[in-house]
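Labels A, B and C are assigned to the chains in the order they are written; within every chain, residues are numbered from 1.
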Amino acid sequence: MNAVHIFFEPGFFTSSPVHVALVIGAVTAVASAVVGVFTVVRSQSFAGHALTDVATTGGSGAFFFGISPLVGFIGGGVIGAGAMDLIGVQRMRSRDMATGIVLGSATGLAALFLYLDTTKSATTGATQQILFGSIFTIDPSTIPLVVILSALTLAVIGLIYRPLLLSSFSAELTRARGINLRGVGLLFMIAMAVSVGLSSIAVGSILSTALLIGPAAASVRLTNSLRAAMVLACVLGVLATWLGILFAYDSFYWIPSSQGLPVSFFIVSLIFVSYLISGLSVVRRSLGWLTANRLPTGSTPALTSKVEV
Amino acid sequence: MTNSPVLEVDNVGLSFSGRRILDGVSFEIHGGEFTGLIGSNGVGKTTLLRIILGLQRPDSGEVRVLGAPLSPRSRSLGYVPQKVVIDPDIPMRARDFVALGLDAHRYGFARRTAQQHELVEKMLHDVDAERFADHRVGSLSGGEQQRIFIAHALISQPKLLLLDEPLANLDPKSVQEIVALLHRVASDHQVAILLSAHEMNALLPVMDRIVYVTDGRAASGTTDEVVRSEVLSKLYGHHVDVLKLHGRVLVVAEPGRDNEDIAQHPTLTVD
Amino acid sequence: MFTGFMVNAWQVATIVAIVAGVVGFFVVLRGSAFPAHAIPNGAFAGAAGANLIAVSPLIGLGVFSLGAALGIGAMSRRGRPDAVTALALVMMLALGAAFLSLSTEYEPEIFSLLFGEILGVSSNEILPVAVLGVVCIVAVGVLYRRLLLTSIAPEIAAARGLRPQRIETAFLIVVACATTMTVPVVGALLIFTLMIGPPAAARCFTNRTERAMLGSIVIALLTVWMAIGCSYETNWPVGFYVSVFSATWYGIGRGYVVWHKTRVVHLESATSMELG
């Protein structure tokens, strides 16, 4: 019994913030994992990172205006997605510079909002909450909204699954089939924005990239099948999130003098470690049964031949 | 012109992933000679040039420049690589890029002397680049950039200038201009030239020697010596015919044979 | 605004701006966007760690910046996959947050490390900061021409024996030095705007390399001075002003380019109309 107690500190299973955290964590991890697999396959990690910056601005601004940060995160992300669609997502060095500078201003604006947050309201911890998440203090009434948004995101991916897959490999083929390439790209960007926004309330906006890309990148390394990758990414994401919540809860007891370590730190660390482990060839070989047609080098050229849309 | 060779490639070989890329390649280049390194794409020309430059080690054989084994600091070699992409946003004028050819290896921030400026001017004149000398390097056209790279390589007065497929992406008129330019600067500046190409016809008027490469093996000599059915058949390992028509050369495999490895030579150029 | 403790701030701001202008010029030239993000993130973790063990933040900044720089160098030599670099970036931030949560001063410390602080450098740190600044500038000066050629045409540089890999490592170390001394003032999340904005703007105004470098320094100085001044007056974060002003300068630069192009076109068509 003692061993169990050490691992699951007292009150873990009965604590209601923990329940909320586990649900929100799992739901957002799943959405991020599925969207993330496509993000990695389409090599749009840069866009994902850009979205987290504008989500930061949105979240901190919403906090300032007294709106729910979730709305701010998602709103900021969606506006960013629209802007990127207008500008075009083609990577070019000059465009990278320009995008970087604009995103810098967005982050600067977030800094302003966060400063105003701390001076306006008596609450401290705005910075911590927006940037690094505070999954234990989420209002339980947001759960339905989070679940619905997550389900919607998955539904959108399910809807555009085939065109999305096709356009990831060949733009011409997609157009030849009469599919609106730009529309599919935009829809996907919005799905990315929503999933980034959702994971921002769990791990904070500047760390949400980890939930988006980490489990997805690890799974894509381990399997050639897209479906298997999505399932594996969900498993990794949810595991990392739940274990992270557990460790954060426990750390409150393990480290006597402080409030424990942030949940997001544990979640990001677990994701990082799992990605590193996925690179070990011994792991890839033992998980060989996951894939239908294994390639000798273990890389996944089929999934990574990509087209920027 | 001295008798000792500027460059000696001595039985050079290189394998990669089990494939023999270069096998027993040997040739010499003497001062002031214009040599064409001819072979279809992927046959190992760039690799050979990189070995000569010291950027890659051969498995066997040796490369000697002016009698001594190669060292990167020898500065006897000038190099114009195949595809140099320069961002047009980079703030550097063509003339400044040429000037870097003089002193890029120097430390510190010294100003350039009047004499050095004159040298740059002369070099720009020699490659016919004066009218765009003050434009950004990255904003020049392919042919214009080519001249600037040649000037950059030549300004430090190397004994041998290596060019990797300089004619590949140029239109026929620019090809003629660059070939004529190279021939002219070679004799003006007493520089030997080794130029790789997959098409030999544009170079026939100016080539002193040819090194013909296929499948890792090479034959070298004058054009007349090398571009003959017997020699090339031996090189390819199967019979090929060499036809000469109106001063141009056509290399053809016998009927039934796959012309694939020869088809890379767009042989007969039509003006 | 110009007396007492603010004298420190102006001195430090000036050094920060000059270093950012000089080092940033090459960051932009080499397109080193990733190191410009990653090294400051490492610096943040280092400063947070130093805070925890009651060591001077400069040491934490320096050690972790250097580690991040060398790590990036090693990874890029092995052809880094994108995901590990993005994850490492984020890992550094999470680590910094964890360090800070273990100390007592969580909120204000996080804020100033991420977004900057006018008085980010205390008076007994001015000397080390100035020394680091001089080291950066001298290093860039010594390697100037090699940096230029290896940045613009690496294959040509390699053929000349200039060793682009070594120059890259040396440059990353310089960026680490520059990061160490600039992050306290501008903030880890926003310092890259100062390293990128002014140089990107400056090169819109001139074709000549030395003038572009000089312009980069001047614009960086103006940006930082205005940011310090505005931050003093409004109490809003320095990083906010730096990022916004950097973006504005960049916008002005691009606007000038467009205006110049249309002017040239008009001149040309006017001339041809006269002749024709």
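Miscellaneous remarks
Just so it is clear, contacts are C-beta pairs under 8 Å (C-beta built on N, C-alpha and C of every residue); 3 or more make two chains touch, one makes a residue touch a chain.
The shown structure was predicted, so the numbers you read here are calculated from the model rather than taken from an experiment.
Centroid distances built from C-alpha atoms place B farthest away from subunit C. Central chain by Cα centroid: C, whose mean Cα position is closest to the mean of all protein Cα atoms. Our note on geometry: subunit A versus subunit C, Cα centroid distance of 28 Å, whole angstroms.
A separation of 40 Å divides the Cα centre of subunit B from that of subunit C. Rounded to whole angstrom, the centroid-to-centroid distance between subunit A and subunit B, based on C-alpha atoms, equals 51 Å.
Residues of subunit C found to touch two or more other chains are 31. Looking at subunit A, one finds that residues 93 touch two or more other chains.
Residues of subunit B found to touch two or more other chains are 87, 89. Residues 28, 31, 33, 81-84, 86-91, 93-95, 97-98, 101-102, 106-107, 110-111, 114-116, 187, 189-190, 192-193, 196-197, 200, 235-237, 239-244, 246-247, 250, 254 of subunit C are the ones touching subunit A in the complex. Contacts from subunit A toward subunit C in the complex involve residues 40, 43, 45, 49, 93, 96-98, 100-102, 104-105, 107-109, 111-112, 114-115, 118, 124-125, 127-128, 131-132, 206-207, 209-210, 213-214, 217, 255, 258-262, 264-265, 268-269, 271-272, 275-276, 279. Those residues of subunit B whose C-beta lies close enough to touch subunit C in the complex are 53-55, 71-73, 75, 77, 79-81, 84, 86-87, 89-93, 96-97, 100, 103-109, 134-137, 149, 152-153.
Residues 29, 31, 141-146, 148-149, 152-153, 155-162, 202-203, 206-209, 211-212 of subunit C are the ones touching subunit B in the complex.
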